[in-house]
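Presented sequentially are two complexes of chain A, the first with chain B as partner and the second with chain C.
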Partner chain A sequence: MRTFRDIPIKQKLVIMNMAATTAALLLAGLGIVLTDSLLFRRYLQRDLSSLAKIIADNSTAALTFNDPRAAAETLGALRARTHVLSACIYRPNGSILARYAPRGSACPAVDRRDEIRFSREGVVVSQGILLTGQRVGTLMLFYDLGEIAERIKLYGSTVFGVLTASSLLALLLSSRLRTVIENPISQLVRASTLVSETGDYGTRAEKLSGDEMGVLVDRFNAMLAGIQSRDDDLKRERERFRFMAESMPQKIFTATPTGDVDYLNRQWVEFAGPGLERIEDWGWAQFVHPEDLEENLRLWRHSIETGEPFHFEHRFRRADGKYRWHLSRAHAMRDAGGKISMWIGSSTDIHEQKEKEEALRRANDDLQQFAYAASHDLQEPIRNVAVYSEIVSRRYHDLLDAEGQQFLGFLKEGGRRLATLVNDLLAYTRAGMAEIVEAPVDSSVVFEHTLASLAEAIRESQATVTCGPLPRVYVGEAHLQQVFQNLIGNALKYRNEKAPCIHVSAVGRGADWCFAVEDNGIGIDPKYKEKIFGVFKRLHHDRNYSGTGIGLAICQRVVERYGGRIWVESQPAKGSTFFFTVPRHAQPGDPAQVESSVG
Partner chain B sequence: MAEDNLPDALLVREAIRLENLPLEVHMAADGQAALAFIARAEADQDAPCPQVLLLDLNLPKVDGFEVLRQLRASHRFQSIPVLIVSSSDSPGDRSQAEEFGAGYFRKPPSYEEFLKLGVVLKEMLQDKGIL
Partner chain C sequence: MPSRAAPEQISEYDVKAAFLMNFAKFVEWPSTAFASSGSPIAICILGKDPFGRAMDDVVEGETVNGRKVTVQRMTDPPAPKTCQMVFAAGAGKETAKALSGLGRGVLTVGEGENFVRDGGIIGFVIENRRVRFDINQPAAVAAGLTLSSKLLSVARAVEK
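Moving on to the complex of A and B:
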């Protein structure tokens, strides 16, 4: 059942008008009837009192002379008053002198007080009959109240008539006038329905009045205008984004916060061919190379869950069925509350670059293998030269003249230097070969091993070599020792007249460990800061500082192979500090570059 | 001794001589010859039977590790001491030698250093109870 609250406003308006009109008229009618009946009582009181006085005055003679006929005549004058039920003239002793009762009503009992008494049956008037101030009898008058009832009836029907007529009039008027209220509301309802159904924020409600409804319509329209303007902005932004996305050389996509791809630019269509709708949502997965798919899905899901940027190199199948390498990235866009509203991503074709890199890597590997094999194979003949020139010098020394001995000296020295060079070259090529480090290596243990292998040089130079707390690192033990050995070895070698003082320390810096090897040696001129890391770069040709000039190049090669960097800070004559960084965490291994041994 | 480089072979002999090690040295100039020597000793009780193998890794025809693998697979010589004498200082070669239970001596580019081979060999034979 519909309650009042749910019925349409126009019906509500009619009902309200009718109720108000009826209630007002009813109250007014009731008031008039009540007032009238009160006034009429007062009038009746006065009227009856005057009537009783006149009758009483006229009855004095009849009573004095005890003349019932005269008294009856006097009473007969009451005939004109149809509501008089009875009238009696009492003698002083209470007996009735004359009586008037047109409908046979009994006379009211005598009452010696002059009064007018209302009762349910009617009005009783008692009026003393006086002769020269002496009471000689009493007139009792009995009057019915039918007149009041008649009046009430008359008024009642009048009120009812007026009520009916005015209700009809109110109904008519409110039916006409309700449109004043109803139309603006209907306008608003129509406009809002249209907006919600068509999404057209250009719709406006018509203003029909200057009252509150008019204000409401104005506000509603202003609100629509605001939304329309924002909607236009949004559309413009969307178009701008679309234009940008379409004109970029990259493949652009957007995805919902749950990772469903909901937009792909033209480049995708051109790349993947028709049937692009199959890429939407998670359909793109079937275009990813099967070997890349699992990791791709894992990373994408991880990004969706954490909001972290997505970054992956993978192969996408082109319309011709060929796979091409792409670098895909996606970033989460967040709203003001920090909630992810969408993902925007791009995929760049890096196939050529990847192929070039691969070719370069292969060439590097080949070169590496060649250098390694060559330096390895060179060892034997060089060793033969070095060792046998020594043997000749020992055993056949006396057979040679001074010049022959000098030449043999050149041969020996040349052989020795060649052997050292080839040895260092080997170390250098080996430094570029990756070692997959599965368990972290305790660098303080590697430091101890380095000290042991440098023991003789340390003793000779009377050096103090100390270290602070050193971390565990993901660097091959042999590689780390190469770095320590070269840096500490250099610090021992390039010393001044003071005994060398060398300190090795390490601090965590972001995702890296930063090692420092500090000495109090001869220092390095700042202009050679970069140069010293080059292969065969030697600053000192002095015999005091022997070496092949490959040690720092080896260090740099090792450190860079692990994704770190190496540099030096120095003050000439005061000392140098070599810094190098290595990552704190294990690096993913590259199985193509695992060390191979050459027998 | 399996060694293809005569200058090195002479140095090894000299190192043995200088330490007065009571060894008779048989030379195999490549991997195949070394394997043939072992096969002969396996088959013929009267053929010379090596007590210790000095093995170069970079051998023609069959490389040193293959010789070592087949030696360890043989019946008679599976546990004889082996000393690898090589130019290589690759950690990979060293660890592979260790897996086969072989000693390792890297050929140094100096006469005196090279002669230390005799000491290393002597210690090895003493350890194994051969001397």
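Moving on to the complex of A and C:
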């Protein structure tokens, strides 16, 4: 059975109406019956009292002249009062003169006091019969209270009748009146059902009244209007996004927070051809080049798990079956609570760029190999030039005239310079080959080695070279020494009249170590700050500052090879500070690079 | 019947004495019937007195409408305003005639069925061994007396 809460409102209204009507009528009926039975008792009391007095008065003669017949006649007048059970006239000595008992009831015992006594059985009235102030007898009257019950019954049936009639009326009325409440509610229910079923927020509930229901309907309609306009905004926004995405040259996609691709723009269709639907969700995987797929899936899953941006270069199969390089990026869009609501990404065709890069890299590698091979192969003939010019100078010194000796000197000098140049070139090409550094290198040890190899120049220039605490770094030992040697060597070389003072230090900065080599030399004009790192760039061509102009280029090549950078800050005539950074942690090797460089 | 036995044992004239006293309570006399406003209601027994002490006992201490009730015995018809009620024992025609000549303001009470027929106002009769009475209403009216309807209702017969 349904509880009251669950039955329809119209039934509730009817029930409430009926309950209220019934309760009111029952209370009213109860009140009437109670009042009436109280009033009726009083009335009965007065009525019986006067009745008894009349009978008593009419019985005086019968009593005084001892006439039972006349007394009985007097009592017989009570016939009209059907509720009189018995009436008896007692003589003063207590004997009965006359008795009236239509139903054979006994006479109540004589009572000398005049009174009206209500009991369960009925009312007993005792009335003295007086003649000229003397008591000549007593009238005892026994009256049943059936009349009260009858009246209650009468009232009860009246109330019941009225109740039935008014309930029917209330039922009729409430079925009429309930429409006032029910119709607006039905309107609301109908409208809200329509909205939730069709999703059409243009639906409106009809306002039927100006009361709270009307206000409710207005508010409901206003709410619908609000939703409708927001819905429209949303649709417009979605169309705007679609339009933007469709008009992009890139391939655009969106994905759910769990990584299922749920939108691909027109560029995808054009690229992948029919069967695009297979790209949706995780179907795109079959369009990725098998060599790229594993890494691609790993990175995509990683991004989905962590929310970090996705960034990957991979090959997608075109409709004609050819693979083209793409750069794909995706970012997580987050809601106000920081929860990922969707992923939006783009894939840009970088195939041509990639091919150019590849060609350039190959050309560069070829060039490097050529330079390496050339300088390597040049060493032998150069060494021969040096060795044999030395031998000639020693053995045939006396055979040569002054001019010949001078030429020989030029030859020796030229050979030496050529040897240095080739050595530096070799070093430069080697600097392009990063080593995979398995264990960190203690840079303070490398610093000591550098000092040892520069001992001659340091002594000669009376320089002071110091260092602060230096870290362990993931840089090849030979490479690091090359950098130190070039930077400290330069500082010794480009000194002014004062004795050089050089200090090497390192500080941690983010993921990098930042080294600084500080001197008090001649300094560098700011306009040459970039230029000095070029190959064969020399600012000083006079003999005071000898060199090949490759040193700083080597430094730059080494540092950049390890993912760092190098720069200079200087004040002319005061000194320069060279900075370079190397990563704190081991870098993943680049096998391709190493392979191609070594080959 | 045993319950009725007690009143039966009382003698006839005891009852009649009580009745005479009670008649005074149901009859209204004109004021002209009395000598003065303070005069008692005199019950006069004319001729033979059959009551003995009974009549005196009945009226002892009785007052009706503020007037005392007294008993007088006489052999001759009384003078006006001396008796308000005259009782004559026996049922002689002469007695009735004599009493009817007493004039206004006197209630005449006699014995026998013929008493009222002969012009008396109230006549005692014996019916079923019980004392009852007949009333001559025109005679009462003629005498200027008002008899209570209650009295009429208990009379055995009322002449109209």
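Following the convention adopted for this analysis, the second predicted complex is superposed on the first by the 569 of 599 C-alpha atoms of A that agree within 3 Å, B and C clash if a C-alpha of one lies under 4 Å from a C-alpha of the other, contacts with A are read in each partner's own complex, and residues count from 1 in each chain.
By definition in this document, a residue touches a chain if its C-beta (ideal position, glycine included) is under 8 Å from a C-beta of that chain, and two chains touch if they have at least 3 such contacts.
All values reported here derive from a predicted model rather than from experimental measurement.
Undergrad: Quick one: classify A:N66 as touching chain B (first), chain C (second), both or neither.
TA: second
Undergrad: Could you tell me if A:Q369 is touching chain B, chain C, both of them or neither one (first, second, both, neither)?
TA: neither
Undergrad: Which partner does A:R394 reach: the first (chain B), the second (chain C), both, or neither?
TA: Only chain B is touched by A:R394; chain C is not.
Undergrad: Can A:N58 be said to touch chain B (first), chain C (second), both, or neither?
TA: In the superposition, A:N58 touches chain C alone.
Undergrad: With the two complexes superposed on chain A, say which partner A:Q379 touches: chain B (first), chain C (second), both, or neither.
TA: So A:Q379 only meets chain B here.
Undergrad: After superposition on the shared chain, which partner residues are touched by A:S95: those of chain B (first), chain C (second), both, or neither?
TA: After superposition on chain A, A:S95 lies in contact with chain C alone.
Undergrad: Hey, what residues of chain A end up touching chain B and chain C alike?
TA: none
Undergrad: Which part of chain A faces chain B closely enough to touch in the complex?
TA: On the chain A side, the touching residues are 376, 379-380, 382-384, 386-388, 390-391, 394, 415-416, 419-420, 423, 426, 430, 478, 595-599.
Undergrad: What residues on chain C touch chain A, complex-wise?
TA: Answer in residue numbers: 3, 6-7, 15, 18-19, 22, 25-26, 63-65, 130, 132-133, 148, 150-151, 153-154.
Undergrad: Which residues of chain A touch chain C in their complex?
TA: For this pair, the touching residues of chain A are 58, 60-62, 64-67, 70, 73, 93, 95, 131-132.
Undergrad: In the complex formed with chain A, which residues of chain B make contact?
TA: 5, 7-8, 11, 57-59, 63-65, 86-93, 96, 107-111, 114
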